[in-house]
Amino acid sequence: MDEAYESLKHLPFTDLEFAKVDNHRAMRKGFPEVIFCQGKTPGQIKTIAQALLKNADALLATRADEAAFEAVKSVEPQALYHAQARVISVDKRADKKAVGNIVIMSAGTADLPVAEEAAITAEMLGGSVKRIFDVGVAGLHRLLSFYEIISQAKVIVVAAGMDGVLPSVVGGLASCPVVAIPTSVGYGAHFNGLAPLLTMLNSCATGVAVVNIDNGFGAGYLAAMINRIGEETPGMEAKDSG
Amino acid sequence: MDEAYESLKHLPFTDLEFAKVDNHRAMRKGFPEVIFCQGKTPGQIKTIAQALLKNADALLATRADEAAFEAVKSVEPQALYHAQARVISVDKRADKKAVGNIVIMSAGTADLPVAEEAAITAEMLGGSVKRIFDVGVAGLHRLLSFYEIISQAKVIVVAAGMDGVLPSVVGGLASCPVVAIPTSVGYGAHFNGLAPLLTMLNSCATGVAVVNIDNGFGAGYLAAMINRIGEETPGMEAKDSG
Amino acid sequence: MDEAYESLKHLPFTDLEFAKVDNHRAMRKGFPEVIFCQGKTPGQIKTIAQALLKNADALLATRADEAAFEAVKSVEPQALYHAQARVISVDKRADKKAVGNIVIMSAGTADLPVAEEAAITAEMLGGSVKRIFDVGVAGLHRLLSFYEIISQAKVIVVAAGMDGVLPSVVGGLASCPVVAIPTSVGYGAHFNGLAPLLTMLNSCATGVAVVNIDNGFGAGYLAAMINRIGEETPGMEAKDSG
Amino acid sequence: MDEAYESLKHLPFTDLEFAKVDNHRAMRKGFPEVIFCQGKTPGQIKTIAQALLKNADALLATRADEAAFEAVKSVEPQALYHAQARVISVDKRADKKAVGNIVIMSAGTADLPVAEEAAITAEMLGGSVKRIFDVGVAGLHRLLSFYEIISQAKVIVVAAGMDGVLPSVVGGLASCPVVAIPTSVGYGAHFNGLAPLLTMLNSCATGVAVVNIDNGFGAGYLAAMINRIGEETPGMEAKDSG
Amino acid sequence: MDEAYESLKHLPFTDLEFAKVDNHRAMRKGFPEVIFCQGKTPGQIKTIAQALLKNADALLATRADEAAFEAVKSVEPQALYHAQARVISVDKRADKKAVGNIVIMSAGTADLPVAEEAAITAEMLGGSVKRIFDVGVAGLHRLLSFYEIISQAKVIVVAAGMDGVLPSVVGGLASCPVVAIPTSVGYGAHFNGLAPLLTMLNSCATGVAVVNIDNGFGAGYLAAMINRIGEETPGMEAKDSG
Amino acid sequence: MDEAYESLKHLPFTDLEFAKVDNHRAMRKGFPEVIFCQGKTPGQIKTIAQALLKNADALLATRADEAAFEAVKSVEPQALYHAQARVISVDKRADKKAVGNIVIMSAGTADLPVAEEAAITAEMLGGSVKRIFDVGVAGLHRLLSFYEIISQAKVIVVAAGMDGVLPSVVGGLASCPVVAIPTSVGYGAHFNGLAPLLTMLNSCATGVAVVNIDNGFGAGYLAAMINRIGEETPGMEAKDSG
Amino acid sequence: MDEAYESLKHLPFTDLEFAKVDNHRAMRKGFPEVIFCQGKTPGQIKTIAQALLKNADALLATRADEAAFEAVKSVEPQALYHAQARVISVDKRADKKAVGNIVIMSAGTADLPVAEEAAITAEMLGGSVKRIFDVGVAGLHRLLSFYEIISQAKVIVVAAGMDGVLPSVVGGLASCPVVAIPTSVGYGAHFNGLAPLLTMLNSCATGVAVVNIDNGFGAGYLAAMINRIGEETPGMEAKDSG
Amino acid sequence: MDEAYESLKHLPFTDLEFAKVDNHRAMRKGFPEVIFCQGKTPGQIKTIAQALLKNADALLATRADEAAFEAVKSVEPQALYHAQARVISVDKRADKKAVGNIVIMSAGTADLPVAEEAAITAEMLGGSVKRIFDVGVAGLHRLLSFYEIISQAKVIVVAAGMDGVLPSVVGGLASCPVVAIPTSVGYGAHFNGLAPLLTMLNSCATGVAVVNIDNGFGAGYLAAMINRIGEETPGMEAKDSG
């Protein structure tokens, strides 16, 4: 058995001591490792960004504050900071193409940071994204006016805080997969997102799956994976996998 | 101060040792004390029913099984058992009148026992009740087909398990108070009703209040109180408050 | 089915991209959409306030800080800021009338912000409000001295933190609906309002329903809806529903 | 240090392999070790009872079913079974004296098993006990009619399920310590006693302490300890502490 | 607005009083309404099955016991009962075709009922399913030996109880969407599935979404929706949508 | 009944609108109402202190910061601030006497603020207090060296965070009531005091009761009430109860 | 990378469809895979036992009922059933040797099933085990009388329900690692073992680690691994690892 | 019995009033008492450090901020501050020797503070430590490349936040004990470390035990105790145990 594992040692990653950058991920997943900035120092983020950009034309960093952005910008001047979504992106790919049809919805205005994180992630992974914000069910006609867009989507992401009701209603209307994101928007018996999380997990509508509270990135990533099916979008080739 | 409390001793209740039957409640609340059968022996239920029927023409007992029904029936042969709702009722009032307009809805078929407990309670307290069952949002058109009834209600009770989404949607459509009952119908991350309870407490729709999980009785009672407003229905007079 | 939903598109709302202002709500609910300020930027609040005031003579904004107030004031100089309740109100209605009889109680002094949010909301919706603050059961005679007011109320709102006991006791004394608000006032095993929330949901008194922790707005709104029954108070007409 | 601990080895206990009977407890606590029957086989209970009765004139066993009673009775024919309280008692003490003034109250009829467990425990430990059952606050006058007894108590035990409100109200009226027992009587958001437990821990009334859910034994024991203060009741002497 | 909702009334559903069968779902979702048997009486299940089979060639019923099966069989003799998965199926469709490539995995043997519910659901919706059971990470080589199948899947469903680790590891290896099902298999701090639920929601691997504890049906349904993308499988036509 | 409650209106309290000061409490409880400062403005605290000191020679205010102290000091220059315990005290009683024997223990150094709150409270209510701090069971001999003091106490208060083990061990050694205070000292799975709270509620030792997390005041108050039994300490007479 | 994983396919396991028996575990861990019977049918258990016994001289099965035992016995007549511990063992190893010094303690008699599961597991893995049962801290001298055994142990396992205090006290006395097992023995705020679990995780004593509630197997296994260090006990050789 | 406990009084500790320094611990545990700085003032830390260094050549203080470091440094200029791990160390021992083979791993970069606390603690207690950081399972080959180091370890510590999956996978590969530390790194349904805590407690891999969330110290200490077995490392002698 030792022999078997031995051979795995030669797969590509960059050992930075405090981090092991997974250079093989682009091959496996179609996009390089994404930097989750929370809990990392600007210095660590800078070093990881450098290691990643050696092998790739694009970079995504989430949960990023201004200091994280400065760190990445010092490595790559074309880096952009999406403040509301707390996302840093670098995109120097020659042939960008937005395929498929991803609809990203939010129940309220306060859910926008999460919904935007999902939207930017999905766009970075090559998805064509439509945004529909603030269509909670307290005014059902607002939602129903977008019925056509909903019924034509290839995959839908729905971010909702408070009671987290929107994904159930959208799931009842749509014929495509729905990725539900509970958000931490709320108060009291909302328990920082527990309430909409439970609502969504118990949804009676079929075709609904759930990601972690406020995990716009995860929902956007999954939506992009689903959206890629049947499209000619080979994802990102790693420049150099060694 | 002792003097003050002293005078309170003379208010009417019947001391059965293991229970103190509140004969004053009909005056205060418009309906006699209701027997909550859970945790009481048939013998205790019988004794309490006897004490209550001495002073009143009507009786309601909830969470009642067959043994409880036998106990009450031995005291009052006209007693009825509503098996699905687990409710016993006695009604020998001369002038029964159903007033107002209470709509009682359920999201699913499995919520019927709770919804029926609410409906029977509301009816016993003099309310006119319409039932709309199994109109969960997974098929939104089923709900919307009852929009006219919803918009004309004086008060609405909504029982829902699973994701507990229905009260939010009804609350967005209705112009009257909505009393939401989370039910224990569900599984997994439903946690015996916690999920719909939290959903309902966090409802974005205005005019929604919540009662305990599976508390059909409480919701029906409150709905009847609201429904009574502005109607000529003096509730139940206690026959004898001594 | 597409046809059916198609027609719903023409119902009135104003699309601000980040928000969809529900201009139809005044017709449906008797008062325009209320701005929940938490999680919105002052710029967003200002834009929403503008959109709402185009169609209505009154405006309510909750969970508002000073910056939110400045934003609304820049749109409407008559705006008032109720600092303790964190509420902004605008009221330019010609014929204001306070009807009915709403009693708003608090168990402690620290519950005042929540109780005041309920009171101002109820008043904005046309209710006549009596306030009784700091009558927790540790000194029962304080509460009992208001027994007459309690027994004459049309609807009662009770805000209580700590053990959340007051609504049960008031519910036992009153003959009208009681809307209970658990507050986040407490510490330790209070768990930010969970303790009084559970107390209230399990209340043995009949006619008690519960809203979310600290949801003074929701309780005041519901109380005003109940209070409106049987009164000649048509609510707020929307100026223009298109 | 080994030396120090060495000397402790000679303190009295009986080693039954599966159990170590603490013969020293009567000296330390004033009553022999009490058998907690839950999770023990009848054979184990019998052996422990034998070991205890070798050194003492009285025995208490809680959470006991019929099989446990048969086991104890085979050892000591004078054993009594208190079925409602699930308690077995043996009392062959020559000079029984009930001292002090313990009041044991329950909010509802269904709380009786727990209240009775407290009462029998307190009586076994020499306390004089008054019982007041079913005086929940939904009918406040029932409670207030016992105000005199409440204000003269030396210590009060209050068992309450559902919302657990009674100890707060009693604590506001009494001038003596109140031991509160949350019971598992309830349903839904009661979470098997969590709701009244939190209510009681957050009580605004002074002089209230709490024991575990359904722990009638613990409350009765503590009440007896408090009740013993200032009385001439030396507790139970162990017959033989070796 | 009334007008708009009015038109929705004419959408197809069958009103059985205790249930409203959604005949429009096949059009919207590609498969008729599925019967969730839990909490329904055999009589109710029979009536619903009859109503559904009037309009469709296939039927699926989940959480079904033997009594439910007898009820369905009395309506349709070709009904099959999958005991381990607690699923009833009827399939009289002329042209059955299994398309795509769904891999359904379980971490342990005890997770089979849930995994099988997912597999049968996915197959009923037209998916081609491969099963890989009992490949938990305690013996990692068992999992890795299926690496080729994992890397070629179009969508993967992973059922896991206990620590719920498997979806994270599979998500790290696969390049397709992973639908994770926490199961209630476990004990102690597993809290009936809470532990694997939280593990899966917090998965570091990208492309993982979660459904409710033990919700094999939901996962299988979603997987089938994803699997259908890009395939020529029009789903199920409703026979009669009026 | 109205008549009965009517008479209660004449019991003494001072109505400050935002607060109702209970002037009757000193008669009922032996010490005037104590000010819980958390959530009150300095202005409110000042007004309440003034109202209380009109009728009493002593005052206690808990959870007080410096601003609260300044407020009280402006009313009564002799006020003292116990910073570690966050307690304000005023004591102008002519004949102070410390009776009984209260032992107050802490498991760790970080529990001192809570233990001191208990100690000062108990002393203000006339108890003689011994302090034993930092005797957690990780070094059992530290605790055992105080065995004599423990075995002679009339009542013991034990504050403990982290695992909350100390009250169980003390309860096993002592022959008097033990009041256990869980503290919020800890981290991780301590959940802000939940861990020691549960430990203490489940204590196997007899004679242990529990107060809220960090509730030094409540424990000190209860200990003083128990300590007062059999002593000649009439508590505090209210100067003027009208 | 495919190449690397390819080689792993040849590691030994037996594919039984519903289970994959890990024949490599004995090499890796020193003992063959253990059968966790919960959730497996007798038929499945039998088949797995057969597969395991083909390659090994010993077998352990936990959480086993009588039916599971019959299944194993039909495969291997020498199988033994330890009813209290719910464990099945087969041991046909030629040279059995018990090495090291493992002490296994329980706080109460009701914890014996869990403690025995740990003891039998540790013995099957070659450890020499001493048992000390029912030494909870309510009678501290019982525990201290075993101080010598405690201080000489190589590793200690402590099972405790209720308040879970014992591991902290033992951890304070011992100089070796302590493996703590919370048990589900208790009631009320014990929450099926949550209380002692939290107590143990927050232990102030050093050298204490925790396993899952009731996980006697896991604790015994870990203790045996620690106990094996420095001993000449090569564990179990797999007979045939292919 | 008093006699027995009496003798324990003479065991060594230093009474600082607010703290009782356990001078006996070095004898009992092989290392002096460690200062847990959280909740202690710099002044208290300084006094405790002085008392400890009177009797020992080495000192460890955890959860220390800069102010705590200044306090210790004023007592002992050779003190070092490990900022990332928030640990202070003093080591003036003549013969330092690092024995055994402890591997300390982290799943992510953000887990480093906890992993470093474990590593420094283990090194202070004489262990030889290898660090492997950022080898989470999202890129399994990174982990497998360290398989040789894993399989040769004497004991392994694994710190992981998020889903907490790493210890299960390492436990499946390793043949030595694994001490798992859940960290508070994560968000949403991570609940400050609850998610990885539950994952680890439910681990299917054998030989895994768990310490409190973020308890790097506890894990490092336990690992050092296990690592010491069979080595010639007498731990730290206390200079003076009186």
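In order of appearance the chains are A, B, C, D, E, F, G and H, and numbering begins at 1 in each one.
In this text, a residue touches a chain if its C-beta (ideal position, glycine included) is under 8 Å from a C-beta of that chain, and two chains touch if they have at least 3 such contacts.
Please read all numbers here as calculations on a predicted model, not as lab measurements.
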Farthest chain relative to subunit C (centres taken as mean CA coordinates): G
Numbering shared by both copies at the subunit F-subunit D contact, with half separating same from different: same
Duplicate of the E-G contact set - from D-F, F-H or F-G, the pair where over half of the pairs recur: F-H
Separation of subunit B from subunit C, taking each centre as the mean of its C-alpha atoms, in whole Å: 25
Whole-Å gap between the CA centroids of subunit A and subunit B: 46
Approximate Å spacing (C-alpha centroids) for the pair subunit E, subunit F: 57
Multi-partner residues of subunit H (each touching 2 or more other chains): 1, 4-5, 8, 11, 24, 28, 108, 138-139, 141, 173, 188-190, 194, 197, 201-202, 206, 212-213
Touching residues (chain side subunit D, partner subunit F) in the complex: 1, 4, 28-30, 34, 141, 154, 173, 175-177, 179, 197, 201-202, 206-213, 218-219, 221-222, 225-226, 229-230
Residues of subunit G touching subunit D in the complex: 108-110, 112, 133-135, 138-139, 141-142, 144-145, 147-148, 151, 185, 187-190
Subunit G partner contacts - residues on subunit D that touch it in the complex: 2, 5-6, 8-9, 11, 13, 16-20, 22, 24-25, 33, 36, 38-40, 44, 48, 63, 182, 184, 192-194, 197, 212-215
Residues of subunit G defined as touching subunit F within the complex: 107-108, 136-140, 162-165, 168-169, 171-173, 186, 188-191, 194-196, 198-206
